[in-house]
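Structure incoming, see below.
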Amino acid sequence: MKKLNVGLIGYGFMGRTHSNAFRKVNNFFDLPYQPVLKAICARDGGKAKAFAERWGYESVETDWRRLIERDDIDLIDIATPNNTHAEIAIAAAKAGKMIMCEKPLSMDGKEGEKMVQVIKKAGVPNMVWYNYRRVPAVTLAKQLIDEGRLGRIFHYRAKFLQDWTISKDLPQGGAALWRLDVKAAGSGVTGDLLAHCIDTAIWLNGSIGSVTAMTETFIKERKHNLTGKVEKVGIDDACAFLARFNNGSLATFESTRYARGHKALYTFEINGENASIAWDLHDLHRLQYFDYRDEGRVRGWRSIHVTDGDQPYMKNWWVPGLQIGYEHTFIHQVADFLEGLDNKKPAHPDFRDALETQYVCDAVLKSAKTRKWEKVSKLK
Amino acid sequence: MKKLNVGLIGYGFMGRTHSNAFRKVNNFFDLPYQPVLKAICARDGGKAKAFAERWGYESVETDWRRLIERDDIDLIDIATPNNTHAEIAIAAAKAGKMIMCEKPLSMDGKEGEKMVQVIKKAGVPNMVWYNYRRVPAVTLAKQLIDEGRLGRIFHYRAKFLQDWTISKDLPQGGAALWRLDVKAAGSGVTGDLLAHCIDTAIWLNGSIGSVTAMTETFIKERKHNLTGKVEKVGIDDACAFLARFNNGSLATFESTRYARGHKALYTFEINGENASIAWDLHDLHRLQYFDYRDEGRVRGWRSIHVTDGDQPYMKNWWVPGLQIGYEHTFIHQVADFLEGLDNKKPAHPDFRDALETQYVCDAVLKSAKTRKWEKVSKLK
Amino acid sequence: MKKLNVGLIGYGFMGRTHSNAFRKVNNFFDLPYQPVLKAICARDGGKAKAFAERWGYESVETDWRRLIERDDIDLIDIATPNNTHAEIAIAAAKAGKMIMCEKPLSMDGKEGEKMVQVIKKAGVPNMVWYNYRRVPAVTLAKQLIDEGRLGRIFHYRAKFLQDWTISKDLPQGGAALWRLDVKAAGSGVTGDLLAHCIDTAIWLNGSIGSVTAMTETFIKERKHNLTGKVEKVGIDDACAFLARFNNGSLATFESTRYARGHKALYTFEINGENASIAWDLHDLHRLQYFDYRDEGRVRGWRSIHVTDGDQPYMKNWWVPGLQIGYEHTFIHQVADFLEGLDNKKPAHPDFRDALETQYVCDAVLKSAKTRKWEKVSKLK
Amino acid sequence: MKKLNVGLIGYGFMGRTHSNAFRKVNNFFDLPYQPVLKAICARDGGKAKAFAERWGYESVETDWRRLIERDDIDLIDIATPNNTHAEIAIAAAKAGKMIMCEKPLSMDGKEGEKMVQVIKKAGVPNMVWYNYRRVPAVTLAKQLIDEGRLGRIFHYRAKFLQDWTISKDLPQGGAALWRLDVKAAGSGVTGDLLAHCIDTAIWLNGSIGSVTAMTETFIKERKHNLTGKVEKVGIDDACAFLARFNNGSLATFESTRYARGHKALYTFEINGENASIAWDLHDLHRLQYFDYRDEGRVRGWRSIHVTDGDQPYMKNWWVPGLQIGYEHTFIHQVADFLEGLDNKKPAHPDFRDALETQYVCDAVLKSAKTRKWEKVSKLK
């Protein structure tokens, strides 16, 4: 088994999910590569060191440029705020490093295009951490669609509902709260949550042609957690849009951080001529499946507990009936990435796939301003 | 359409469900007979009269013997406390009346045997109101079993859980509370609730051979609602038993009025070699069905919303997706009874069927005392 | 108890639900009036006669003008296709009859305005059969909102999903299929299904200010069931729209007859600052309720089985745990209407309320054409 | 952080769950000790070596006596078939090693007593891997009970349903199938599955006084997977029992490997005077909670998604709404064990706790033979 040296940038929530994935993947999957936790990089050296000790990183850097220069690093893993992805990824690509980048890819489509160009030229393996594709139930949905079981698709609907920013007293700002700072995040729920919905949707149902959207910022001003100053809130607290897919199906998408009672309720449903599929993140191991070809009297939505050996990824885990959770989606992503390095079938979504999601986000945010239907830019 | 003159005895909860059934059945079912609400009988003439006005009964009686004597009554419907069923039913049978009798049939098997003998001799159509057989989802379960879809049966489990007698301040006694009076009711949850579970179980899974049981009376003394005297509670508040069916399957049964959070949660589940079925009264229009012969990856419990025209009874009601409720089970029972009068295929459960349930109740109550396995008497 | 003579026009699905309501209401509710099924009117005299016999109507008419002229009719109940509502209602109002009219009120807002003017001038009691307001769980939702439990409302979402027109072989046309004929129905799912969602939404959450919508007709041509000719389909098979309520909340609405697996899945959810509510028609007796003020560790969506005596309408039915169904919503509506006649607090929705729903439908259909946000006309 | 050297015996399913726990625990919990994967021991040296490589064990042994002799081993982890637990544990205790032992503790109560005596004398920290106590939702249930929220307990019911041995063609035997071999396993579902239910039940609801049970072996003969010989099946395929707890509550317990449709459905429900609790392993992150003290109109079962920072163990994982799975219960157990080493509050269940479960199993198996109620031996 070949070693693959990882240099992680960022030690936040995503730094943890990635580290866990790199650390565990070989215990459960037979792979051509073994990731080695070579270095963790963060501006705050003390925090970086503590993180390194907890996770077993061999070394610490405080300047990502220095990390990229190191010869003993094969892969740069970007787990920093959105506004830093482009600069780091471009530098890493130019240095010939493989790249795994947190989602969303970039601040907008224009920035993403540049990243895609550079990475294409560099020819380095690359991936974006849209992890929900690899929930076993979601991967099973993909299989069922690819097998043609649904027939012509009529409807797609997705939501990502949270409720953690309802309090007026929640500050916006830096550090752990950068997702509320439009300068660091680029947008609110659109880039943070709807981007996940869009990535899955394109994967399952193809490209989106046009959208009409609305956004809202319910709390207009918040105190900054570092400066203490009350400032205008720049992000979208909620966003909903209608869409038409290029395959003729209609869609509704919605995301908010003001849906009391929902912590992280990402749901989608697809209605096809012959069958329908529904899934939700709060019970992520279940796929709901309705097949009209079942005999009429006993037709019903099947609640599939996706924990069997013949279901995606599950033969690598425990025994039927025993669940895995959120963190395992990252492990599956690393497993597929490493597999793809060897068999020359690169895993997805790569930077180019993620750019398409960026284009949809751009059209959504634009439509919310123009109050008209907007076309989604096409990938070249 | 022939008229069928009904004489109802009792105006309580069951008097209402029966009256509603007789009154509505011809609006929805094409039948050879039309029930006519000819007379309501109750000792309290004033209450009987008020009931007659509300429901459209043409006349009132205060002595059930007088009602039975009337030539213009074709069918006697017994909706009185358990300890009166035998006497009324025997008299009605001897008078050549058809009989519909509330469940349980009798105070015990011995009394029930006498009723069955008389009714057999009289040769009158007869039925017992075990209404849950005619929930469309339950009838569908019966169809699936009769079609052999489950294969060899391994397990049966049933529960009927309520929570309305937990308060120590609830009186026992007469009138609306006769179910708490052992002299009127014969037993507590065993005859009131488990009798339903047993009736369905025998219908779906055949005869029960032996049982071991426990009963409990959690509140030992209660004030009587009429006398005001504190008296020992004679009924069983809770009863659970293990059983072996004659087809080799194992069963657990449980009923209580002390299951906080459950109002009337009658549930059953059957596990067969090839398929399983589950149902619950709180969502009575749904049948849960698992078929192992479905393809592995998409196998799951199907939640069948039993509201389609090809499902039992439903073509007579509204359109797919729109539910009926509890009261409709009584309407179905009347429809089947009337149908059976004409086509010479008597509807079930008749008195003899209900006697078998009585035998199981007897064995259960006996085992709770002997603390041993007890055999269930066989129907002759 | 005073008699109230009802003249029903139309004997279809809605003719049945109304007749059942008029016939049963006094068995369960203590009311100042007793509806009398005086006359049924339909062009096809034979069918009208059969309907009269089944339901107990005393007489038959084949011309609705003649029915309206009759002195022995107090209330005209309109259960005919949408394109006939206005003419009948206006004539009935001018004749001084009370009116209960099927939804949607009219073909469009303009027609509805005329109806409202005439009825206002006539001063007759009037109501529109938006029956879902009176599902006990929905009425409970209204109570909770009116009590201020939700706090500021952020989100409203509603869907009405069906799947009965997916087959290309389904004809459009007359008789039972008039809902597929744009000339009789005015629109497809917008007037048939979304109108229900809009009526409930306005009732629960106040007026809607503006919308942006899309509609689609998936099957472009269908054979006519009477003429046999293949013709262009004029109705909308599916419609989705975004909306902004005047209280600042955002909404998504969607309806389709192409959602495989859903027979009549009307759902809504409301997210407020302090609490959220969700409901669905497929399990209509349950209200989902999340209250943020519950203690954190044990906070969760409560599945309220709305069958208790302290919950709306339920003390009139059976005992806790035992469900009622779809048809009972019509009974409740009649009960409230009759109650309102006496206590001078007219029941809602009346024609004016229903006109507001019509305005929203107009804006939705307009926006689907202009592809822009459209303002909703204001009620005067 | 102190090192704690672990020697694992057995490399099967449980060897994996334990290894994963030891390896991950310090990434997520701040603890006084860090487990070191010092040695894996198994008779098959090749398999042991492969396991060591996959999981990072530093060395390999093929004789567990040799492992116990090693000075560099602090803790012996027993993950071998049931019939070897006693011998290994006794030797380890005598050698002064800490012990973590797979459940059930022993082949029967007598053997367990010996183990408890030796371990008590040796004074070594010890624990048994009844992992389900540490599902966050189950631990939350324990908290709620300990806080007195349920009041007097009336009912306890537990089931553990599987369906993996229905096929007649499944062999019994050695290696991975030792659970089907009565000589290695001691019993069938009683020791394998009911033992879990009993451990949780005693923990939540106190000691069990007496039981009446039935067992069944549905498939009487099976081919042996190693010898190929058809032999009598010695284990119980199914077992159900009634029980009375010493606190006066009644219980039903059931387990089977013949419940088609259920992979590993461990469920329990507790009904108290004031509140009820229910849980199931197939959706392990949810706790169902009904509190009668909630206001009547909005009372309902709460579906608590146990993923918040104020719920047991969850602050150590991700963010609210994101689930963990089966394997995490083992991690929590290790965390608590290590914590307990330091703060002198030993974690449970220890050997003595596990002996009580053994006593209940003994009484159950005895009752199934005597067909009478049997008392459960008391812990001394």
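As written, the chain order gives the labels A, B, C and D, with residue 1 at the start of each chain.
Keep this in mind: a contact is a pair of C-beta atoms (placed from the backbone, for glycine too) under 8 Å apart; a residue touches a chain by one contact, two chains touch by 3 or more.
No experiment lies behind these values; they were computed from the predicted model shown.
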Field: Centroid comparison with subunit C (C-alpha atoms), farthest chain
entry: D
Message: Do subunit A and subunit D, two copies of one chain sequence, contact each other through the same residue numbers, with over half in common, or through different ones?
response: same
- prompt: What whole-number Å value describes the gap between the mean CA coordinates of subunit A and subunit C?
  reply: 42
- request: For subunit B and subunit C, let me know how many angstrom lie between their CA-based centres, rounded off.
  value: 36
Message: By the touch rule stated above, which residues of subunit A touch at least two different other chains?
response: 262, 301, 305, 308
Message: Could you list, by residue number, the parts of subunit D that touch subunit C in their complex?
response: 140, 143-144, 287, 289, 291, 294, 296-305, 308, 310-311
- line: subunit D contacts subunit A in the complex at 13, 16-17, 19-20, 23-24, 26-27, 54-55, 162, 164, 262-265, 281-286, 305, 307-308, 317-328
Task: Would you mind writing out the residues of subunit C in touch with subunit A in their complex?
output: 154-155, 157, 161, 163, 166, 212-214, 216, 218, 238, 240-242, 244, 248, 250, 252, 254, 256, 258-262, 271-276, 290, 292, 301, 371-373
